[in-house]
Each structure stands twice: as C-alpha cells, then as structure tokens.
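Contents: one structure, followed by commentary.
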C-alpha cells in the first residue's frame, strides 16, 4: 500500500549537527575520551563537515558559547564554508559558572540575572558575526528542594530576562526557547514543559518560538502530539533530536524507539513543517561510548529513513480510512509505510546526487578517523567542561 | 518557626464535592456495591449534605449530565438548599453512548460532533435552571492506535466545537476545560496536558479556564508548578482533587502523597488562588472499596489540614531565606510548617464555628449509614453507567 | 547484513489466543459492543479458529473460568478440535465476586482464602477434563491505601494458598504465576514484579513458572532483560503479549513499540525459548474499539514479523562485534535485521504451507464477519462481566 | 490514636553516613565547589564525625575505594575512633577507569573482568585492615544500545565474577549487591532490579545480601513492598537512603516524599529489620547545591522523625482494623501516627542522652563550618573524580 516518494520530496531534508557532539561527553560518573577528539571549534567543524560530505544531509553546525568562543568569528565562518558547511544556531550556556549555582535568568540576585542577559547579548553579537539567525536558549535553571525559591517569582524574572534578550534581536533573528522536564535541577525546572515555552514565546512575540527536545519529556509523553499542536499554533521553531529510554539519555536518534521517530516525522510532514526552514531539525546527542563521527552519520541516516517512510504513506487512503473510522485499516496504512525497507530507495537517491551510496562504509574507509587520531595529539580534548 | 494562621484565613476554605462520588464506581475488572448507595440525584445530594453538615467545608455539589438528569431541576435545586447545600458545577458526559466510540467534539463525523455540542447546550440550560456558573468539560476523546485519526484535524474540530459551546454561555457563566494524560484513550488524548487546555481557553476568551485534575499527569510531573503557572497566566479555573500512585487512580486526596498536596496548596495560596471563588476546589474521587461518605469527609479534612499547614508557613522568613539562596533554611521553613500537627488548631476552629470537633466520629455515631442501608432497598444503585 | 532464516525455523512459531479477546471489553468508562460478538464459549472458539485458519499460527485457545464455564467440557474440547484448534491454558478468576473485594488468596479472612483455593482446584479439574497442561494465575489482589492491610502478612497468605494449589497439580501440569505492577489495586499489588513471581515459584517447585505480561511493568522497564533473566533462571513459563503506551492498555501487540517486540523476541530466541513448548506465547488483549477477529489476525502476524526479523540477525557477526566492543557495528547488525521487510518472505512461507498469502485480506473477503453479525442475534454478548 | 514509643525503642536507630557526601558532587553539567570541602579521607571522616556528635545517630562512615585509598588504613581507623566514629561499609568502584568503558565484572574481555575482581579483593583486604564487615558492590555495568552486548552472556559473567569475590570473603564478612534501574547505562543495566540482586545473592549464599537504594527504581515503584519482601526472604542487607523526584536524584532523604520514607520505615519495623545490625541504614546522597554537613544532619534527623512516627503507630488497633477490612480506619491509624509532630519527643530523647536538643542550631553555632573554610586552603577538594 505504501507509495514511492519523489526524489524531490526526499531531497528537502536538512539536519543541523551540533559542534559539542564531536567533543567528549559523559555522565556524572565518568567522561571517557577517544583518540582524535577535537581540541577547538575549528576541529569540531572539520569533523562535522565529514558528516555532510558523506550524507549530503547536514549542511550546518550549531555552536555553543562559551564552548565555541573564538577570537575571530569571521575566520570560523570561512573555515566552515571552505569545508562545505555553515555555522548554524548559536546556543547560550548559563550553567557552568559559580554565579549560576542557583539560576541564571531566574536567579534571586539581579546582578546574576543581568550577567545572564548580557551573555545572551554576546551570543546575539556572535550571531551577527557569523550570519546566524537563531539563538537557542536552554536554561539549567530550577531548584532541588521545595521552598528553595519561589516558583512564581522565578517565572516573573524569567519573563523579564527573556524580554530583555528578545528586544536585542534583529528583525530577521529568532529566539528559540527550549523546555526540559528535569536535570540538572531535581525538584522543579523553570521551563519544564511545552506549555511554559509556549506561554513565554507568545508573550515575547512572533520572533520567539519553542524548541522541542525529544528527550526532555515525562515518561510516556506523546511527543508527536506536541509536534502537531505546536505546528498548529505556529510556534514550533526547532527540534533537538536524540533517543532516550529513561531520562535525557541523549542517545543516537532512532535507536531507542524508531517507531516514535517515524510518528514524530509523520506529524512534522502532516503539519507542513517538513522542508520549512523555520522548523529546524537539529541533532543534540552525546556519544559517550561510541565513535562520534560515525555516530553522527548513523543519526542523520536514521532521520532520513524515518522521513522516507513517512513520505511513503498513502495519505489519501489514510484520510479515507480515518473518515470511515476504520481503526485497523488506518493503522495498517501507517504501519505499511513503516514496515517498508526504504534503504534501497535512499541509496538510489544518493547515487543520483553524487553521494556515496553507503555513507557509513564510505566514511570508515576514508581513513579520516585514523588521520585525526594521529594528528590530534597534545592539547585538551573538547568536552562540556571547556 | 511555623506561625499560627488566623481563624478568618482558615475559614475561607470551600470544597465542592461531586455527586458521582456517592454512587458506585470501580475498575474495568469489577464495580463493587455497598448497602445504602443512592439510587438517584436526590439521594446523592442528601449524602453530600452530610459531608457539609459534619465539616462545614463542602457547601456545593457538582452534578454530571446525564447521570444526574432529573425532570425538575428547580426541585433538585430546592432539595439541595433544604439540606444546606447548593448545586455546583455541571459536568458534561460524552463518553457513554455508542455514537461516541471514536470521539465526540473531535469525531470525524459532523453529525456526532453536532450531537456533542448539543449535549453541552443542554448542560448550559441546566446551569441556568439550577443557578450554576460553571460548565466543566472533560472529554474521553482520543485514539488507541497511531494513524487511527489525524491528531491535527481533531484539534481543529475541537476548537470549532468549543467555540460553539462558548458562544452559548451567558456573560456570567464559565467554560472549564479539563486535560488528561491518558485513559480511556490509550495512544493519544485530544486534551492531554495543561498546554493544550491553556491554548484552547486563550483562544476562546476570558470566560474559559483550565481545570487541573491532580491525577491526570505523566509520572513525575511537578503539579504545583502548573498551579503556579496557570495562576500567573490567569487561567486556573478549578481543581479536581484526588490521589494517585500510578495513573488516574482517583483515590482519596492526600493519602498517596500528602506532601505533594501541601505543595500544591502552597502554590495556590502563594499565587492568590486560595479563597478566590474563581478558583474552585473540587473533589473528583472514586471510593471503590471504602465507605463513600466517610471517604468524602476524610478527603475534605485532608485538604483542610494541608491548607492549615500552608497558612502556618512563616512567609517573611521564607522569602528572606530564598533571597539569600540559603537552600536548607528555606526548605526547613517550609518543612517546619508541614511537620506541624494542625489538628488541634482545626478542632478549635470547628468548635468556634459550632461544628463537631471530630467530624468523622460525629458522622459515624450519627446512625446515618445504618439508616440509608435500611431505607434504600430496591431500585438500581447509582453508578457511572447510569 | 541480514541473513535469510530457514522456513523450518520460521515454522516453529505457535501463539495461543485467548477466548476473552473475542468478547466485548472496555474501560471503566464504557464497554462498546459490536455486532456478531460471541455469546458463549463455543462461539468464542469458533472465532478463534478463524485466526488459525487464516494464519496457521494460533492452534490453541486459552479459556477463563468462570467466563468459559460450560456443562460439558468434553464437548468444548471436541468443538475446538472439530474446528482445527485445541483448548489451551486455563485462567482462573478471583476478582469478580463480592467476596473478593479485599483480596482472594491474600484476603484477611480464611474463608475467602479457602474459597479462592477451591476455585483453583475447580480449574485444575477443568484442565483434566480438557487435556490442558497450564493453570495461569493472575490475582487482582492488593490494596488501595497504605495501612489497609499488612503487605507482609498477605505475602505469607499468598505463599500458603499457592502451595495448596500447587499440591493439587498432576505431575504433568504447571502453575504459572503472573505479576502486575498495578490495577485494579492502586497502592500495592500482591504480585507486583517478576522478582515476587520468581521467589514464589522457586519456593513452590519445578512445576511453577512465571508469566510475563508485556503490559504489566513500570514505565521504562527493560522487558527483554527480564525475558533473558527468567530464561537463564529456568523460570519463564509464558508470555501474555499486548501493547501499551501508558499502563496495562492491552492494545494489539507490536503496534505501540514494534522495536521493543523485536527486542523481546530477540532475547526469547537467544535464550533458547523460541520453539520451546515450555515457554508459551499468548495474546492477552482487549479490542475495545477495533474489530476483534481482524485485530487478532493482525496481532499474530505482528509477532510473526518480529520473529522473522530476529531470525534474520547475523548472530555470528553480532557476537564478533560484541566481542570487539564495537558498539555501532553490533547495533547496526541488529538494526539491519529490524529494518528488513520480512513480509515477502512470510508470504512465501504461507504459500508453501498452503495458507493464504495475505491472511487479513483472505479473512475479510471470507464473509465470516457478515455471517456472524447476521446469525448472532439475541442472547447476551460475552464480556468480562459474564 | 498514636501511641508514645519508648526511648529505648527510639534509641536503637543507627545510620551510616558516606565519606563521599562530604566531598563535591554534581551533575554532568557542573560540579560546584564549596569552601571547606575536605581534601582527603581524614578530613571527610572529621566532617562525618560532626554529624554524629550533633545527633548521636551516625556512628559509622562508609568509604569508597579508590576515592578513600590511604597508605595506612590503621591510621584511618584510629583517626575515626579518635573522633568517636568508626569506618563502615567499603564500597568498590569499577566505573572510573578507561578499562571499564564497556563494563567491569560483565565486560566481554576476560582481562578487564579479572581486573575488576582483583579490585574487589583489594577492597576485602581493606575491610580486614579497617575491621569492616560489609563490601558493597554497585556496578555501573550495562549498555547504551540494543545489541551492543549480550544481556544473557553478561549475566553469566556477572555470576562468575561475584562468585570469585564471594569466595574471598571471611566467614564474618558480607557481600552486598546493589541494583539500579538506569544511569550511567541507558539501555540496560546488568543489575537493574531487586529480582536480579536477589537471584544472584541466593546463588552466592548466606553471606550475600541485597542493597536497596531508594532512588534506584522505575517511576511509581512501591519501594516499601520490596522492603517487606526482602525482609521476608531474609535477603535485605542494607539501604542506601536518599530522595528523588525523577531519577537517581540523590537528594536529602525525606524531602521529596516524606510519607514514602515513613511507609518504608514502617515495613522495616514491621518486618523486624529495625535495630537489626544485619539491615544497615546508610545515607547515599549528593549535596550538589546545599551545605554538606548541615545537609547530612538534616538527613539523619529526617530518618529519625520517620522512625519515631512509625514507632507511634498503634499496631494492635491497626491489626484489628486490617482484620476487619475496615479500609478507612486502618488507614486512619497509620495516618494518625504520620500526622503526629514527633519533634518535641525527640528533643526530649536527645536531652536525656546528653545531646543537643536542636542539633542543627547547635552545629551551625559551633563555628565548625567557618573554621574549615579558613583552614582548608590549597590542595584539591575531594569529589567523585578523585
């Protein structure tokens, strides 16, 4: 029953990768290193460019400030362009200084709040320097104990801080507000759910949108519903894609629940978000124990396969079965597309576009991993802490 | 460190009880009956009036249509008044007819949607006949299987249906939209979270508010955050109070996690919702295995104790500790109030207001339970199915 | 990388269906009926036989006592055989009489415990009369409120009751003890987890085994781990298969998380349980809103597809990658099998075995559904309550 | 209805504290430091001794190897004794070396498994040198991706490794095996639940017991049931106490769900584990943002209050109500004890035993915190990484 999607449709897919995925990451128990890990933003972008070269799917690289601070942002921009990619979303970071122990934009102390706002103004400057449109804000703000601070007062401070940042945006820039259920705060977080992101971005204005990270929900949450709802409300700005079995595990997208990824992409397509540059797909993952660049290649291919399956849905037949309340037939039409092996179709698409038919094999055979392991000696490997 | 709240503050508490709590309820596995269970709305209200007589806390009784349909609503209203209570919120029900198998306001078929809207218009008529302000809408609408229906199309139908109902309200009436995580729909529900209720009620207008049922969230959800947020946004219309360990267990409020109830009441008080007639406290429980009227008395007392503890918080000291980021002190101030045994203080309050000091003992000694067991023979006991 | 499994391997699959799946079921909110629903055990078995006729996968039908009580069990047995199937596991039921309101084998009152034991002795008699090996025990026992009863005392009573039942088994019969996280009990259940089932069945002896129902776990539980562990410990007696998004949703197996079903089947195969008659695969589902017989056909096909994918895993390559700690390669080998479209292979298998290549289409075209809708008028449709 | 417990009963409480609680801890996002944080095991024990001095409740201090490795264990032992405490449980650590990236006792490579066993043999030597009875094993072992390694093979390796360690124990030593739902492994952990710990410790023998960490369960798990079950099975060796709202949050015990702590202590007392030296109560917490020594004082007091409430339960009346299936009365008897303010009674107990009536105030007034902040300059503050 599945239909064959057009190459044109398939070719609309763009996935942003994140610079920090190429550095080391881990848990509170241990951060394991790997030979060849980048030591600076330039090397991170070089690695990211490999993913795009192999797959044709990842033309932009998100950066994180201060992790990716450089002296010359124009040089960084040109470096990326020379490698066939571009600098993407600028991510702020207000969780790694002593001042932020009890919050940033929501902190009880006005001095700290001011500092956090200023950090975002710096990010907006960097956006201008790198030609970037989107500022993504994820806050570690929250409390660990009931009573520690006023939940309500913190919301008001948050609104105030966001307004100050929003006011500094250029007309063609956007503020994207991410929500997260928990971690690192363990009693309450100041932006815990899509409703909170939504309410704040509505209050800010048209240039403010919501970021949906697929790992940032309570157990059992129907994420595709939120996708459909935010698209309907015109407020879905970007995805942070990854997989989770338990919490914010930040595993490779599509490897914990590939059917969920398919359903999410189904709502993205159905709601008109697919191929829309205003709805960004971004990988936000941690390759704690697996090879990083191959992990990223696997990730973008997983998203591509999910999208290809979604584009194979016979939407007319589906709509008819839904109209008839034929539960099993409607579900069958969906599952039929999901059960289809789209890999041969995607290999053809790659061949037609001059890309390696098997990107993973191509990359592993390229010798790149061996080369960086040899060359990148000395210096400090990039990680969350630096 | 706890302070003594004034009797005036304590006396502001009003809790609505629900007629269906006095009928039989159960699980899909079994509905157990009890001698003396009411057989009609008049007997339900008689039982509910006992709760108010014993506690002085429960002056209104929510009704459910069609379960509480009567020929003469004015008679029902007078019956309640004669017993010292009043008819409260009118709850609609669009989940017990064959037509609603696949939804009501969200159904693919326009005929069923129209029927569901008409049912709500009938409810509004009953509100007029009984002098009731609030229409509470909880929908069982949703799907069990991915693909069964379009999540997005159902949202649009929902918006349309709600708008039609809202348009029929008198200027002093309100529409309250309840959300629920899951059950009876097992893949998606059409109003799963506060964000969805919020977005719809904002679109409807000032007379539309959100209902927060404490049992309708994903595991681990910080409910008091939602309370604080909805109060801040001016959209919290009512609570459905109950307890849960797992899902929508509908147990007696305060018996699964009394500290959570305290935290919820803390945000209610802190956000100005306590004592505000526009933020209703309602019990929505199922006494599957315990005695019903005593279960209701226990419930309103649990809420009263939680509120009394909250009113014992030294809010000035708390604010100071929060300002100082003194995590342990701030938490200690909260916990100190929580650890206080407020029962003697509440017994005094009752004595001062001419109420029995020990409402449960008083009621059990009254012989009412024995009397209704003797008198209510024959007829069909009220339950969800009738 | 996936390999082609042999038809002999594929043909080992046997799935037991349950008689109650053909009757009506629902939630506490509503049980919807369908034309043609069976009115007695004979009609249920007739429907079940259709599933086997269409798929060749479902040769046995579990029964539930008292729902499937008949005067002449030999007649029931012959009826099944005439239709090409056999009576399967006997399921006891101690949750639908007033006496069981507070428990059955764990009840504080010795009289009720004795009654519950006697019910199981009746089930064992029925096993003898129908030539059935397995007695499956799932208990609704538990409490709704802390303190309601002694958790510890109930365990001791449970052990005593199970021992009495176990003692009555013939040497070739088995007692299968199912566990469940919650529902209908909402504070604690007396057999909440595999550890409890395991401890009791170890205490009972070799003829006692554990039943794993895929919907009976806490959110996030790694079910395939339990499968691997119970097989290792020699204590996995049977599966109750179904799907869930939230709680014990009892949806069609493989439609909520098909990758989880694949992983579960992978551990079944890896642990030697596949094709072993001592590890039964049973469907335990509720077709609340979808057509029942087609729902069952879809279910057994979903299991078959999952098994076929598992049998396509290149286990030698997988073991080598695991030995090398090559995380991505090992995962890729697994995912490659999962991504394979096994439906053509299974159509061939069916053709080779004289079965319809497309069982669903074949059944829907047979006119059976229309026939039973016409013929089965009058009488009471079977459901959980009868 | 609550009864007054005897001082003798109250005085039986012993809580072990953990050395690592006095060092810095945090999340993967950030570890915040505090002035005065210990730099070596001797300073950690000095801090721990303050908790015992203030409360009389914490006579032993668990250590962690290699974090607490010293040249002279006898000196460490005497240092503790001089300060009025003793060295407690020895905790192994096989998660912070590169070798353990893919597991320790379960690693595919026999060399790594041997190394992990050897580490435990070293721990047993340290137990002998410090006069410690208990070896506590928590493994970070697990996998992040399906297929990464064989779940079954890892169980077999685990059994083998544990057997080798167990064989090295002296006759009066114990092996305590802790289980954990997830983290740092995100797909499966090798000891995820009490059933797995139980099965392994049964296979090992009488000197092997289970450790229950209150933060290591799936959402919604009824922990007190597991306490009751393990006590019944004679296999509960120790608790790791802490609080959690979401995952393994490691917050101060009793501050997330004080009623749950009460219920856990209720089963401990009811099952005979209270006051039994074979059932250890240990704090395992992370004071990421709050003061550490005060955080520990608060913790042991919270446990003491919970125990005092439990000892206030009128157990005879409770048993009678349970026998009568009087759900509300039985629950009321429990809740009555829970609602009692036991703090005055505990202040009296302290006075009678020559302890400060208000331990927190006493400690804060002592100047200890200021002194260590002044004195402990230079050196590296202890944390998980060192």
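Which chain is which? They are A, B, C and D, in the order written, and residues in each are numbered from 1.
As a convention for this text, contacts are C-beta pairs under 8 Å (C-beta built on N, C-alpha and C of every residue); 3 or more make two chains touch, one makes a residue touch a chain.
Bear in mind that the values here come from a model prediction, so they are computed numbers and not experimental data.
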item: Contact-graph separation of chain B and chain D, given in steps at minimum; value: 1
item: Pair joined by the larger number of C-beta contacts - B-C, A-C; value: B-C
item: Interface copy of B-D among A-D, A-C or C-D, judged by whether over half of the contact pairs recur; value: A-C
item: Cα-centroid distance, chain A relative to chain C, in whole angstrom; value: 40
item: Centre-to-centre distance between chain C and chain B (centres being mean Cα positions), rounded to whole Å; value: 38
item: Residues of chain A whose C-beta touches two or more other chains; value: 101-102, 144-146, 181-182, 187, 219-220, 222, 245-246, 255, 259, 289-290, 327-328, 331, 335
item: Chain C-touching residues of chain D, taken from the complex the two chains share; value: 101-102, 108-109, 144-153, 155-156, 181-182, 187-188, 192-196, 198-199, 217-222, 224-226, 228-229, 231-233, 259, 263, 267, 270-271, 318-319, 322-323, 325, 327-328, 330-331, 333-335
item: Contact set on chain D toward chain B in their complex; value: 219-220, 222, 245-246, 255, 257-260, 289-291, 294-295, 298, 305, 327-328, 331-332, 335, 338-341, 343, 360
item: Complex contact set, residues of chain D against chain A; value: 25-33, 95-96, 98, 100-102, 140, 144-146, 181-184, 186-187, 219, 244-247, 249, 251-252, 255-256, 288-290, 384
